[in-house]
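You will see subunit A twice below: alongside subunit B first, and alongside subunit C after that.
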Partner chain A sequence: MNRLLSGLRDGKGFDIVLVTVPLLFLFALSGLPLIYNVVMSFQEVDMFSLGTFARPWVGFNNYIAVFSQPETWPIMRNTLVFVVVSIAGQFAIGFGLALFFTLKFPGASYIRGLFLASWVMPGLVVGAIWNWILAGDFGVLNYILKSLGIISENIFWRSDTAWSLWGVVIANIWNGVAFNMILLAVGLAGIPRDLYEAAALDGATAWQRFWTITLPMMRSTIGAVISLGLIFTLQQFDLFAAITSGGPANSSNVAQYWAWEQSFRQYDFAKGSTISVVMIAVVLVASIIYVRSTRHEVRG
Partner chain B sequence: MTEKWTNRILLLVALALAALYLFPLYWMYVTSLKTGSEIFATPPGMVPTNPQWGVFAYVWELRGMGRFLWNSAIIASGTMALTAILGTGCAYVLARYRNIWIDVALFLVLMLQVLPASLMITPLFVGFSQFGLLNHPQLAVILAVTAKVMPFFVVLVRATFMSVPGELEEAALVDGNSRIGAFWFIVLPLARNGILVSAILIFMQAFGEFVYSKSIIQAVELQPASVGLNAFMGPNTTEWNNIMAYATIYVTPILAIFVILQRRIVSGLTSGALK
Partner chain C sequence: MTIRFGLLGALALASISLLSLGAAVAQDEVTITIWSLDDANQPALNLAREFDELEPGIKVEYREIQFDDVVAESMRAFATGQAPDIIAVDNPEHALFAARGAFLDITDRVAASDVINPDNYFAGPLNSVSWDGKLFGVPKATNTIALYYNKDLYAKAGITEPPKTWDELVEVSRKLNDPANNVYGLAFSAKASEEGTFQFLPWAQMGGGGYDNINAPGAVKALEIWKTIMDEKLASPDTLTRGQWDSTGTFNSGNAAQVISGPWELNRMVEEAKFDWGVTLLPTETEGGARSSAMGDFNWAIFASSKHPDEAFKALEYFASQDDRLFPEFGQLPARSDIALPETGEPLKDAALQVFVEQLQYAQARGPHPEWPKISKAVQDAIQQALTGQQSPQAALDQAAATIKGILGT
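Moving on, here comes the complex of A and B:
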């Protein structure tokens, strides 16, 4: 007993306690639910069998049911569009801003930091603001687009099935640009200056320097930022809840919102967990790519 | 062109980009101050002609915002405390050792960071209901949010601990401190700033949390401000000045903390997030 106590105070026991308690906590509240999710996707779960573990097993019926629904493939397509366009937009704008802010001028780092305001705001507040900006008749976005001559008729971003997904995409790009920019700026700061000076002496144009120095040197950062973008985009829920609620007629619904809707609007928990299992598999593959691409970073 | 002028032009461009980017925030503040008819004017006015300062007190009363914000504060403080207590020690051990087990633990922690809340809520909700935790909905939300944000905290704080030289700790041990003593009196004070900033980031995240609260907390008097804002925005709402006033009251304290701590938040984020 004494040895155990002194081990706790002085030896490896101290470290083991410090690391096991949080890992057990995480296992109980993330690991077990993950497993439970898979179990439920093979069961019949409704309001009546919610309180018991002994539920009827249905094999792959939930999966078959989910993938034979008519709305499944449109929603999966929406998810793909949402993810690809959001990441592309956040990355392109974020990279442009990061490159601009590498120009050293007084105040650059402070102003760059202000952009992160979008990242610390509650998702519901971001959603509420964009809900109002995107409003059809009186929204300021339609007004700006019309004054610039880009559109001639108001776009009903939230109620037109052709546009509803794009409204959320715009809000999500705005939300994620700052985070992309900051991470890319870290990568840019890590490129040795003398590489550029040497290339400039050899007569390389700015364009050539970008393609032959910046991009190759940024490869692992770009990999990490894009996989992080994928992870965060698949976590986006608040904007859907605040702007379109997945509607009208599922035209702006994506898998992560749909899964929640099945569980908490239809009370079909089995279907909700089935969709969750499929999407979590996607997220885990993306994060393995992320962890692999950050492994080459210098650990400091 | 002299360097001074180049700098000035670059600064102007930077300010213009920031203004363009932060326009939605400006629009929230402006809309909240407009009158009910002014918000529907065409063309929309960029400045309110007759600022309605009374709107904040009105919305505060109308929606019972004091209770909503109090609930948000309870959930955020609980999450922050639990995360800091559990996560700090974990981050310390993960920073001190390099071996295969540490790599495995770190990998698992990174993996848990990526699970979307809206997908995890289904098994969590069913599990919580079976263990009777739904009778304590705020506690249930704190537990769920802590599990969600702790990996992020561990990654950030681990980076801080890595910058504390191991020699200092060894010196303290030689001087007769126990491991606990060295950790508590030497390492923790040196890592204080990093831990504090990360904890504040966790507080801000938990303050805006929505999915878990929306799904788990049914009783209106226990719901946080994010759920309250969601309920305020009906599908055919027209009171945008009031909704924006609600959003303003909700987000301004967070933005104030952010502006004060901006430099630290950015540097903490950049040191931890990519490693």
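Moving on, here comes the complex of A and C:
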């Protein structure tokens, strides 16, 4: 008894307790809902059977129903386009800004702090602001583009089937730049200065220094940023709800918004959970990549 | 050590049992819970508090829920046995619960009641609380839509009176459309949400159609007129993704000469519109043709799982008895045809209200049908497909009709 108690205070027992407590917490608050969701996608759900696990089992019927709907593949295509372009845009601009701020000009750290504004603002507030910016008749974006002569007629970002997805992409890129910039700046700061000095002495140009020193040394950071970016972009719901609500005729509808719409507007909970299970599978792949890319950082 | 523990334990046990005894004695009174989306400026919260004070044996617990959460919250609560006694639910979603037996059948109680009389209510709201010939609730308030128009812009364009038919509406909108000055002829909402269905169904109904007959020739004509309006840019392209409140905002700022919306706009319009304006009944398909309008706002209902249905019904009777205060104090229209609305002293608002009250006579409920959200979605999809040019109005409505037929099971 005494040995067990002392093991709990300092030694193997303590380690086990430290790990078990958060694991239980995670299981109860994240694991159980996940299991509930997956199970629900195989059942027939009704407003009266929401409270129990015992619902009629329908196997893969819900999945077949979801994939045989005409709007499924366009929505999946929209999701893919949204994720790829958002991540590319956020990463490129975030990396550019992170490199820019390594120049250490006066006031750099204060200005860099201002860029965090987009990260701090709640999603729906960002959505509401972009709603006004993207308005067709009186929006600021159209005004700027017309003044610069890039377009001659107003683009109806929210209501034109060709542009609705891009409107949300622009808002999302703005939203995610801060996150990318911060993580990439941290990664950049970890590269020793003398590597650059040595390369400069050897006559390497700025581009060569970037390509042969910066990028390879940032590999695990880039892997982490892109995986996290994928996960967060797949969770991006507020902007869709606030700006286009899935756009005219599903032109800006994406899987995450569609799943919510099925569950909470159509009250078809089984379909909503089916779509989200498909998304879980995709996010699982991204998470595996993330874990592997940071593996060497864990003392093992 | 053990004696001390024993004493402490005995004391604890004694105090706990005394407390519970005291609580049991105080539990003579009944507690009913009411859920509604009204805040302190709206009726339900205040009426609930008054009822609580009036009835000594009944305690009322009020909970405010958000509009978007009403149905999902109620479903979840009912499924887990935690439903409130009374709820205020949006009228097209009433049948969702009534048809499944989630709401209490109050036909007999209403028949025996001195306060609630079905004959006093407008046809539309009464229809929305009925299912299978029985009453499952009491209308709380109502609203509808009509055509607002800018009298100053009318005078400038030489238009003497507001349009009475659909073709006249398009003609007038063409005359008023002024892209050079950023003025659209008309504003309304064709959003892919319940608001879009809310705005389109009156047109379909005036054309001889309805939700169960959405591809009737008159309904197709209505959608074709909507398409003409959008194609000729008589209304902003953002109409497809903008709600009624925002579209009316463009009317208030003078960027649209007419707008189709409801009485909830009146207070803001009186403050913000810097021009002379008026309201007229929705134009019909032909001169003197059938009239129809949308019907909004909420209904009261008692959950079938309520443990205190008599007290809950008493609360509903109290709320119904206060219907004559709905308008003067809270600016909402009661769903009753036997209550005359007093003057507010604001001439434009009073004139508008008279028109809305007249329009209420023709207001039709959406459904009622337990699968209304799916039916509504089929209509919304058809509107969006037709107005974005992806399908012709006929094809879009035919597809919606087929979907709805599948839902209705006919």
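Methods note: the second predicted complex is superposed on the first by the 272 of 300 C-alpha atoms of A that agree within 3 Å, B and C clash if a C-alpha of one lies under 4 Å from a C-alpha of the other, contacts with A are read in each partner's own complex, and residues count from 1 in each chain.
Just so it is clear, a contact is a pair of C-beta atoms (placed from the backbone, for glycine too) under 8 Å apart; a residue touches a chain by one contact, two chains touch by 3 or more.
The model shown is predicted, which means the values in this text are computed figures rather than measured ones.
Student: Quick one: on subunit A, after the overlay, do subunit B and subunit C clash, or do they fit? Just give me the call.
Tutor: clash
Student: So, A:F264: does it touch subunit B (first), subunit C (second), both, or neither?
Tutor: both
Student: A:L32 in the overlay: touching subunit B, subunit C, both, or neither? Say first, second, both or neither.
Tutor: first
Student: Looking at A:G59 after the superposition, I want to know if it touches subunit B, subunit C, both of them or none. Which is it: first, second, both, neither?
Tutor: Neither partner.
Student: If you stack the two complexes on chain A, which partner ends up touching A:G136: first (subunit B), second (subunit C), both, or neither?
Tutor: The answer is second: A:G136 touches subunit C but not subunit B.
Student: Examine A:F156 and indicate which partner it touches, taking first as subunit B and second as subunit C; both and neither are also allowed.
Tutor: second
Student: Just subunit B (first), just subunit C (second), both, or neither: which does A:A117 touch?
Tutor: In the superposition, A:A117 touches subunit B alone.
Student: Can you tell me whether subunit B or subunit C touches more residues on subunit A?
Tutor: Counted on subunit A, the partner with more touching residues turns out to be B.
Student: Once chain A of both complexes is superposed, is A:L50 in touch with subunit B (first), subunit C (second), both, or neither?
Tutor: both
Student: For subunit B, sort through 19-27, 55-63, 91-99 or 217-225 and name the stretch that clashes with subunit C after the overlay.
Tutor: None of the options clash except 217-225.
Student: Determine where on subunit A the residues touched by subunit B overlap those touched by subunit C, and list them.
Tutor: 50-52, 135, 137-138, 245, 264
Student: Please give the residue numbers of subunit C that touch subunit A in the complex, ascending.
Tutor: Subunit C residues touching subunit A: 68, 71-72, 75-76, 78-81, 96, 100, 102, 182, 184, 191-193, 236-242, 250, 255, 373-374, 377, 381, 384-385, 387-388, 390.
Student: Mind pulling up the subunit B residues that touch subunit A in the complex?
Tutor: 6-7, 10-11, 13-15, 17-18, 21-22, 24-25, 27-28, 31, 39-40, 42-44, 86-87, 89-90, 92-94, 96-97, 105, 107-127, 129-130, 143-144, 146-148, 150-151, 154, 159, 162-163, 178-180, 183, 201, 204, 207-211, 214-215, 225-226, 229-230, 233, 235, 240, 243-244, 246-247, 250-251, 254-255, 258-259, 262-263, 265-266, 269-271, 273-275
Student: List the residues on subunit A that touch subunit B in their complex, please.
Tutor: On the subunit A side, the touching residues are 9-11, 14-15, 17-19, 21-23, 25-26, 29-34, 36-37, 40, 45, 50-53, 97, 100-101, 103, 105-118, 120-126, 128-133, 135, 137-138, 140, 143, 147, 174, 177-178, 182-183, 185-187, 221, 224, 228, 231, 234-235, 237-238, 241-242, 245, 256-257, 259-260, 263-264, 269, 272-273, 275-276, 279-280, 283-284, 286-287, 290-291, 294, 297, 299-300.
Student: Spell out the residues on subunit A that touch subunit C in their complex, using ranges where they run on.
Tutor: 47-52, 135-138, 156, 158-161, 164, 244-251, 264-268
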